[in-house]
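By written order: A, B, C and D. Residues from 1 in each chain.
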Amino acid sequence: MDLCRRMLLIRHFEESLIGLHDQGRFEGHYHVYIGQEATAVPALSCLGQKDFLFTTHRNHGHLLARGADPGKLFAEILGRKDGYNHGKGGTFHVAAAELGFLHTSGIVAGIIPLAVGAAYAAKARKSDQITVCLIGDGALEEGAAPESFNIASLWKLPVLFLCENNGKYGAGRAAGAAQSATMAVYPLTDLPVAYKIPARQIDGTDAGAVHAAFSEAVAKIRQGEGAQFIETQTVRWPGSETNWPAVPAPTDVSLAWDVSAVPERAREWYRSSDPVLIFIRELVEKGAATKTEIAEIDKSARQAIEQAARFALASPFPGLDEALKDVFAPR
Amino acid sequence: MDLCRRMLLIRHFEESLIGLHDQGRFEGHYHVYIGQEATAVPALSCLGQKDFLFTTHRNHGHLLARGADPGKLFAEILGRKDGYNHGKGGTFHVAAAELGFLHTSGIVAGIIPLAVGAAYAAKARKSDQITVCLIGDGALEEGAAPESFNIASLWKLPVLFLCENNGKYGAGRAAGAAQSATMAVYPLTDLPVAYKIPARQIDGTDAGAVHAAFSEAVAKIRQGEGAQFIETQTVRWPGSETNWPAVPAPTDVSLAWDVSAVPERAREWYRSSDPVLIFIRELVEKGAATKTEIAEIDKSARQAIEQAARFALASPFPGLDEALKDVFAPR
Amino acid sequence: MRELAYYEAKLEALSEIMADERVHLMGGSFLSLSPRRTLFQKIVQRYPERVVSPPISELGFCGLAIGAAMAGLRPVVDLSTGSFIYEAWPQVVNEAANAFYMSGGQTRAPVVFHILHGIRGQGAAQHSHSPQAMLWNCPGLEIVLPSSPKDVKGLLKSAVESPNPTIFVDHVQLFEIRGPVPEGDLVIPFGQAEVKRQGKDVTVIATSLEVQRSLNVADQLAREGIQVEVVDPRTVAPLDFATLLASVEKTGRVVIVDQCHKSCGIAAELAARIAEEGFDKLKAPIRRVTAPDVPIPFSPPLEEFVTPTEPRIIEAIRSVLR
Amino acid sequence: MRELAYYEAKLEALSEIMADERVHLMGGSFLSLSPRRTLFQKIVQRYPERVVSPPISELGFCGLAIGAAMAGLRPVVDLSTGSFIYEAWPQVVNEAANAFYMSGGQTRAPVVFHILHGIRGQGAAQHSHSPQAMLWNCPGLEIVLPSSPKDVKGLLKSAVESPNPTIFVDHVQLFEIRGPVPEGDLVIPFGQAEVKRQGKDVTVIATSLEVQRSLNVADQLAREGIQVEVVDPRTVAPLDFATLLASVEKTGRVVIVDQCHKSCGIAAELAARIAEEGFDKLKAPIRRVTAPDVPIPFSPPLEEFVTPTEPRIIEAIRSVLR
């Protein structure tokens, strides 16, 4: 139930964010997490409070899944004072140390060595903290990935590589290039396996399967078995087909049973690949929740997001002196 | 027979070079090819005249195997005017375009993307040139290697990766660190194979096996099958145990049958792992040459090297104006 | 003369260089991710075999381009955001830049690296870099900074003809600027600065987008009777220092404007060189208007605060006129 | 005060910093590949769990060190040859340098990167780099350049205490130099330049090995009655510009000596800053003595020709005294 609420929170957050962008409330490139909710939410629920996480340009969903305040997240993306980083990081760089998110990089694969390093620190301190490294499939094309796999494997470091393979989307590539046009390793898990890192592929629309795989991997790491790799596979959300996200149809839980409100070209995805709608359908089919209960949850998530957006829009921009602050930490 | 002469030429060149270094004729770090002669000589004999080669800090043997003038090679390493690069490159950077060696890098793995690029150019021009990328086992630890394997595989480029695995030697590593302490991929061929590049491991002291494997790989590439990978394995020469090469016993063909002239601690290598002595022993055992004939070849190789060294020592240093020349090519 | 938008002139150059069979384009963001990017598809369609989309492996594909150049091609590589060239740093600064010299003049590496530098609008710390100063500290690279439709066309064509590795440093905020571009062939040689506007009171040396800002400032100050001379080096390696010095000689006052961080930036080198060779001509201290030594912040007002904007240029000009 | 060789003082600092459990050493060439390297084995033997030998994966292990620093350790990473930091460029300049700022002051990355820079003797083009100027163009990094036994000890200890990513730039040709080093704890704060020798005629600002060369030159010129003041910034980020300026004020003449290539090098920034803020004090043009804008050649006489040697420093001093 909590999983359901978190997934809907992410979905409404991102849809609302697209609205804010279209209204000109912020500029520049950004990336949304729509279509991957059933990875972050169940996966990160397997973690402990003190674990570390490193994420990427597609971080909003990860933060929210871990319990981030959507108001502070919006505020950051809008460049406001009350953002997680006082507006200095923005959409690509939301870091929230209190949630374990130490550093968020917009450089593809930039966090992989860092995550391995945090795992090294935890091991050196003999703590049982683990580190989760949240990357996209494209990150495996960067040399930083194999270099880091090598070290993580050799030194048996407590790091969990979570690779979200969202199909063929990649901002830097020619539109329409298929994934196989840029990666010779297939399946992707062959790469960590070459480095002797145990690796699994999971359907990223199946929250239960994701949860099971992660619980197991986390347990293994805590037992000292060293690095693990999990790939979750999702189908690209049709709203990400152009360079700027655009919502084909605002998500409503009723779409779980009837997608006729969705424009024809996007319908198939909402019918068979939307992890949030799939999850809801299953909850109801299993009898774990009624449609009314789901609608209630949805409503409260939606309201939380509306309130968060208002909070962010009311937050002032940081003072100009902030621009020159925090280049160096004081001794 | 020609193979035998080339191997001996390399051996005498390198031993003579160590002597020049010990006499203070040149300074700075350098790397010799002793113990790997049965890779370069048979392997490069499979190439055509117009093929490209890219090599590393351990290049001397590669150049000589391809027919480089040992006088110009010595002169380069001594920083003289008559060197292949007018003394501006030195031991790490001997390039000889006339032999297909376009660029030689002292940066571990630095040439891998370049070699893939030359192969790209050949393919774009629809020529049947192939490119050989000569690397050490350590180069696979750099991210440049997997990035390049990926592209070479995706684009089916005519490149032959020749990885000389000379055991545990690596200048940058703590003395005594075993290879397995820095590379989780084992066998090494698992890495190119993950990228769908056909790969083989060959005994690098077996000149015949090296030749056979290379002929086959070169033929496949010329037929358009794309990148191939060959690893040749050798045992580390005892003269490379410290940071600076030191000759345990000057090579004499008689060592092929009697190693008592070699100090105890180094004897085993000369008995069972020296590719030059193994090759000689086999030639004689097969009846392909007599001991006398071998001694003649050895003598002539030795003389050629002595003469080459004299040539280099007589060559002047370049004029100081050379220091400021050739930063930019003229239009 | 006909007028073109900057992106049109750039596209024209891109089309024209394709006539040379040796030219291969690698990467597809020459026109950025802006709405203009779709125009690039024309080139892709016309030359599908010579426009390739590499994996997200900058080190690998920049090295590939260098190797291909060594073997006879003329690759033009798009890295899109300037900081992505950091991923390829070892290949660019330690292989491409050294190849001709180390080989004793044997091996040329005529590759072009295209980057979009600078403060682009909410790029934040990681996507707002201007790597050209770091690259200028590395001998062996030619560095080109167009600032007008004419220059982008003529310099891009020149870059492809160069036998040396060349960094083509563009700025996305120039794309919609319009200006005269001669018809037909246009090749602007490297190492020729251009006095973009004559003036006798103060010399403003500016690069890339900051040339446009400086020209605007010159317009504004002209109304007050202050005559600003705007000089654009156009390429910093090679540098046409003579033209810069001649302007300093004329005005005796210098402001240098660029988007690199201040310490060891492009403006530092120009200032140092003028302080060395033009010392006697100076009537006032040299002033630099650059990004300060702080990472570029995301938040729009903070970002503007660290940008070399027109008010900051004006303030600096006034200070050297005092 | 006791005298130590530079390598001894450095080794002492390395031993002392290990008392802090958070310090991990990564890589083993802190004492270079010189014969002194074997002394490092003592540390390895005493703290085998905190001295690690990573694979040849600079990007990976520098990033690892940064991540470990973010998570609470104090890693000190040896990259040995200066140019090997290029392999880790994206991690150093785009992750470590930005972390504290981008996170709005949340995440510190107290990592130390140790490199051996400069012209070391037959390092040729790829192994003679001085990356410190490029790094100074990247805000967020502290940059340390010791030049004496005392400084290497006090600055290394300070580097490990720094909460910021720090580049520790050493030169192998300093290792055998001897000098006084106080017993016991010695921490030299960053941002404190040192006047290494007093003089009234000309200011020589030098870094790293060039400080020693400049001191030798000062000795020689003293015999002719020329009093050279030698100022060593010791750290360029942060920079103690006040001490530099005070010296310029005193002498009115400045020569700047360092091993970076000229364009956009350390000397460029120092010259530019003096030309901006110390203009009125200058009696002569500023002169720079640096490596010229050419890759470093292998051949010994050519290499010497491009090195900032004592004769070149003397020549520059004479030229500003004219």
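Keep in mind that, in the parts below, a residue touches a chain if its C-beta (ideal position, glycine included) is under 8 Å from a C-beta of that chain, and two chains touch if they have at least 3 such contacts.
Predicted, not measured: the structure shown is a model, and the values here were computed from it.
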Any chain that touches subunit C and subunit A: B, D
Taking each chain's C-alpha mean as its centre, the one farthest from subunit B: A
Approximate Å spacing (C-alpha centroids) for the pair subunit C, subunit D: 30
Inter-chain centre distance, subunit A versus subunit B - centres from mean C-alpha coordinates, in Å: 47
Separation of subunit B from subunit D, taking each centre as the mean of its C-alpha atoms, in whole Å: 36
Whole-Å gap separating subunit B and subunit C, where each centre is the average of the chain's CA atoms: 41
Where subunit B touches two or more other chains, by residue: 86-89, 93, 105, 107, 110, 141-144, 147, 150, 154, 181-183, 327
Subunit D: positions in contact with at least two other chains: 54-55, 57, 59-60, 83, 87, 90, 94, 101-102, 124-126, 139-140, 292-295, 297
Touch-based graph of the chains, sorted into line, ring, star, complete or other: complete
Residues of subunit B touching subunit D in the complex: 26-29, 79-80, 86-93, 105-110, 138-139, 141-143, 170-174, 177, 181-183, 243, 317-318, 320, 322-324, 327
Complex contacts: residues of subunit C adjacent to subunit A: 27-29, 33, 37, 44, 53-60, 80, 83-84, 87, 120-127, 292-295, 297-302, 305-306
Of all residues in subunit D, those that touch subunit C in their complex: 83, 86-87, 89-90, 93-94, 97-98, 101-102, 124-126, 129, 133-134, 136-140, 236-237, 260-261, 263-269, 271-272, 274-277, 279-280, 282, 284-288, 292-295, 297
Touch list for subunit B against partner subunit C, complex: 52, 54, 83-89, 93, 95-97, 102-105, 107, 110-122, 124-125, 131, 143-144, 147-148, 150-151, 154-155, 325-331
Of subunit A, residues touching subunit B in the complex: 141-147, 149-150, 153-154, 181-186, 190-191, 193-197
